[in-house]
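So that you can tell them apart, the chains are marked A, B, C, D and E in the order they are listed, and the count of residues begins at 1 in each.
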Amino acid sequence: MNAEFKLFNISKSYGQREVLNIDNLEIGGGRIYCILGPNGAGKTTLFRIMSLLTLNDTGKMHILGEEVTWQKSQVVRLRRQMAMVTQTSFMFEGSVYYNVAYGLRVRKTAAAEEKRIVNESLELLGMMDFINQQARNLSGGERQKVAIARALAVKPRVLFLDEPTSNIDPASALDIEHYIQYINKEMGTTIIMVTHNLFQARRLSEEIFFMWEGRIIEKGETQKLFDNAQDKRTRSFIKGEIVF
Amino acid sequence: GNQAEPEKTPDKVAEQVTPTPDNPKLKLATTTSTQDSGLLDVLKPEFEKDTGYNLEIIAVGTGAAINMGEKGDVDVLLVHSRKAEDEFVAAGYGVNRKDVMYNDFLIVGPENDPAGIKGEKDIVVAMKKIVDTKSTFVSRGDDSGTHKKEKSVWDKAGITPQGDWYKSVGKGMGDTFRMANEMKAYTLIDRATFLALKDKYQLVPVVEGDASLLNPYGVIAISKDKYPNTNLEGANAFIDWMVSEKGQKMIGEYGVDKYGQQLFVPDAK
Amino acid sequence: MDVIWQGLKEGFLLIVAMDPELVHITLLSIQVSVSALLLAAIMGIPLGTVLALKEFPGRKTLLNITYTFMGLPPVLAGLLVFLFLSTSGPFGYFQLMFTPTAMIIAQVLLGFPIVCGLTARAVMAQPQEVFDTAATLGATRRQASWAIIRESRMGIIAALTTALGRLIAEVGAVMMVGGNIKGETRVLTTSIVLETRMGNDSSALAIGMVLLLIAFLIMLLILSLEKRTFTDERRIQIV
Amino acid sequence: MDVIWQGLKEGFLLIVAMDPELVHITLLSIQVSVSALLLAAIMGIPLGTVLALKEFPGRKTLLNITYTFMGLPPVLAGLLVFLFLSTSGPFGYFQLMFTPTAMIIAQVLLGFPIVCGLTARAVMAQPQEVFDTAATLGATRRQASWAIIRESRMGIIAALTTALGRLIAEVGAVMMVGGNIKGETRVLTTSIVLETRMGNDSSALAIGMVLLLIAFLIMLLILSLEKRTFTDERRIQIV
Amino acid sequence: MNAEFKLFNISKSYGQREVLNIDNLEIGGGRIYCILGPNGAGKTTLFRIMSLLTLNDTGKMHILGEEVTWQKSQVVRLRRQMAMVTQTSFMFEGSVYYNVAYGLRVRKTAAAEEKRIVNESLELLGMMDFINQQARNLSGGERQKVAIARALAVKPRVLFLDEPTSNIDPASALDIEHYIQYINKEMGTTIIMVTHNLFQARRLSEEIFFMWEGRIIEKGETQKLFDNAQDKRTRSFIKGEIVF
């Protein structure tokens, strides 16, 4: 009963169209979870609701042990335990340093500590050379790396990664994968990620949730799901594996 | 002048003992003509030297000046609209009203004089000719002392001015003069403003000297009964100074050197 | 405080009564300020865009001058137009002094720097991708500039509302070159000044109310330009 | 046209001569308008942000009212402040009429809607990602709002320059509540009015020049705020 | 000598840093070309210069048979023969239809023709359902699909694709790859693409250019390069293949 996330009956519509409808979703925590599904399935929308960025239309959630009441203080308390690398890797106007330090500044981390953590995070992503550059001038992949460093800097309990390596070169992507595994194993960080790279999903995740038109139509241990998917649509999607 | 000589000695003595009143801040609301003609620029330093008050001059239309008095925002008024002044005193806002000076109004118009009234002594005749020739006439139209005077002149001529030729502009004297000049029109103007501005514009006097064109100025203190905070002592000091021999003399002499004629005629009784 | 209530009441009555003189004054106010706004927009939007986008020596100086002229005092604008249009001025021949045309000219002088300067800022704030995308799809420079203007709509509409506010409220310029002639060039703001000069505070407030009402209606009209093009309200939201 | 040359020459001489009376008037102009701008900014920037970001009933109406009050005629603002501060008004006790304080109050009334309205627009134009990113990094609503304000700097600086332009150029309000008292409440704009009334066009132009020069300098100061925070000129460029 | 692109000595610096330095690059045309290289290698910068979006600091270019003079009319003439799917898939404010029609409108295509082509392009990418939706509300993958449809709509002679399937699900990506091959073979469109998906590069491209720190350090036929790269860095990068 100690699941990090429990969602009941969560739905979200834009205009007439229901883009999310989750009957029941439980994410235990501590592992690496992958959310798979075609474009427009609602993966990003689900992330936004779970990280309290968007209000759900219906339903109830328990997050990190609390029933979500959307009370101001609760929202901040919960958000401070989570971090997300969004699909667009938006950068604040300012230097790379400023961007990575942002999460620490809002937590009022001491200056020396802030500097240490920012350097550490950038080092890890191989982005130290760019520390004083304007973040908005970075290349697509560099930006994504800074976004990852920025999320890591706050040492979250839960880390959401929305296609975190989509613009990153293979060698760097491998490094990042290793680091994701490291923080999951060594620091117990719960990782929930979206990826279209099925190899990556297979390599990294222990549990998979498969989404289709706003619903979770299948879930299970990664190995099992890849070997023996129950749903026709899941099977056909996984065959897309050959694309990579 | 020579006559001023004997007075200089007591003046200098007074200078050394410039009094320091309890409340030196004194606010005067006045019409634009007293400021624009430059009179107050000359009177202000002398008055301040003699009495120790610090005079703040707010130049607006007579209507607005009286309005400020009614609200208690100033301490003393220097205006020219006898009727409104009397009402103001009667309503209990003003006390110690005194006549100070007068000047006169004149009709100015373009050199070529389309109404043919140049030299006309009778204002009624002149006004009728303006109407008959439909010559452009600019009226201040702002309920000011000057405007009230203009209306009384039309009344006297039995005319209700209206039509394209009659421009009611709702402006102060200086601006109205500028407009009349630009439009090559006739207008009624007080002599002080006219003399101060005449070099800048081309309009010339066409009708002057009619007895009904006199323009008397009064000073009024704001009543302490209505507004306990008002600086009545200062107001009275100003009134006394204005009607004093020295004040009256300075008024009478103002402008003679610059314009070759008196702008204001002192008439304190 | 009575005066304020009195003014509100009087203003309400004025609006209800549709006093023909007031209607005339109001229509002239709208005509002058809206014409000036349109002219300022026709020149200011393209020029602001050019200042924002085109690289040429003196661009920054010109921009700074534009910002500075946002601080052009209406009286000064009025005086300048007066000197040019006056019978003895270079354009005296056209006999434009004390006409609504003169008032429009003076107001264009005031509205133009606002529209131009704020447009330039709105355009400069656009992301580089707007131009990139338009250009890779085959837009000429001019077409790409239009795409950028289109994306800057929100900012440009802000420029227009701001300029309108300045113009409809402005008195110094219209007073000087219009002359506040009753029945000819008297507008709402010059009437307010006249009423205050005459000490009729409540009438001044009443006319002020009418003016604000008119401003409100024109603002709604300008803002509806935006709604017509944005199907839903697109703005940042916080949760 | 001679007048214009004469005015330019006279203006130049005025500036060079540093006439003490003119210096005093200029300093007062700066003091009044800059104080009013600061007050308008202190209230207008946070309030504009709230109007842009916070969802509450009447938000849109309030925004429209703010835009409308950009069209508040200075004379009307002056009159309202007059009625409140007048000895017989509710705040008459403080004896503020005809003081620089009264002028500042009246100008705040004029500057506030501009700062507030333009800030709201600049904030609303930000992409949703600003909030999203701040929030996912643990910002409270207030902290996220600051991040959004920070991203809106360009627009907010435009708001400040526009408001400053309005205030430094404005004459109706300062004339009404300041009274144009020589040596006490006379500022550049009221001097210009006085000079034109006295037919001294070239002096009026000269003082106008001084005013524009001051406006230019303050604009540069405000714009340097932006340069201090943006290391290089970040703006859309077309090729 | 009929190469579509010839670049001599092209360089580009930002501040002190030279991010691009191309001695000599010739792209014959007619085939599918892939540009590979780590993040920040200068791939996007090269694209921008070749599509006349950014001015080069030094050097000369021949594009589509013309020496580039940067004359206004030339720039437009050349740009109208090229199209690009940028890395960020920026969408104009407005509907999906508006976005796809944009390239046709600037060419003053007749209304009926415009409608036909927009429908056709969206159909192809499976995005017809979204035709009237606000383009800025689309999901990451949907946005990328619209960006592809938008570029296809103008039927370019040269099509630049900057990581065009990075956010697209495997099945759709496969469809898109097929379509890329189709327009290359059937319509003779020259395709120049950047991808970090080495499988995709291998499947699609006939020629590869490998970039490293702003330079092209190796080029050749795809098969050859993958089997037998000369440069150590290329080899090590290609080993990153195992990441997928």
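Quick note on the criterion: contacts are C-beta pairs under 8 Å (C-beta built on N, C-alpha and C of every residue); 3 or more make two chains touch, one makes a residue touch a chain.
Since the model is a prediction, treat every value here as computed from it, not as a measurement.
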item: Shared chain contacts [chain B and chain D, defined touch]; value: C
item: Comparison of A-D and A-C by number of C-beta pairs in contact, larger one; value: A-D
item: Geometric centre distance via CA averages, chain E-chain D, whole Å; value: 49
item: Computed distance of Cα centres, chain E from chain C, in Å; value: 46
item: Geometric centre distance via CA averages, chain E-chain A, whole Å; value: 29
item: Multi-partner residues of chain E (each touching 2 or more other chains); value: 52-53, 88
item: Residues within chain B bordering two or more other chains; value: 172, 175
item: Set of chain D residues in contact with two or more other chains; value: 89, 127, 130, 135, 141, 196, 239
item: Chains grouped in pairs wherever the two touch, ordered by label; value: A-C, A-D, A-E, B-C, B-D, C-D, C-E, D-E
item: In the complex, chain C residues that touch chain A; value: 239
item: Partner chain D, residues of chain E touching it in the complex; value: 52-55, 75
item: Sites on chain C touched by chain B in the complex; value: 86-87, 97-98, 175-176, 179-184, 186, 190-191, 193-194, 196-201
item: Residue ranges of chain D touching chain C (in the complex, touch as defined); value: 1, 3-4, 52-55, 64-65, 67-76, 79-80, 82-83, 89-90, 113-114, 117-118, 121-128, 130-131, 135, 141, 144-145, 148, 154-155, 157-158, 161-162, 164-166, 168-172, 176, 188-189, 192-193, 196, 201, 204-205, 208, 211-212, 215-216, 219-220, 223, 235-239
item: Chain D - residues contacting chain A, complex; value: 127, 129-130, 132-141, 143, 147, 150-151, 153, 230-232, 234
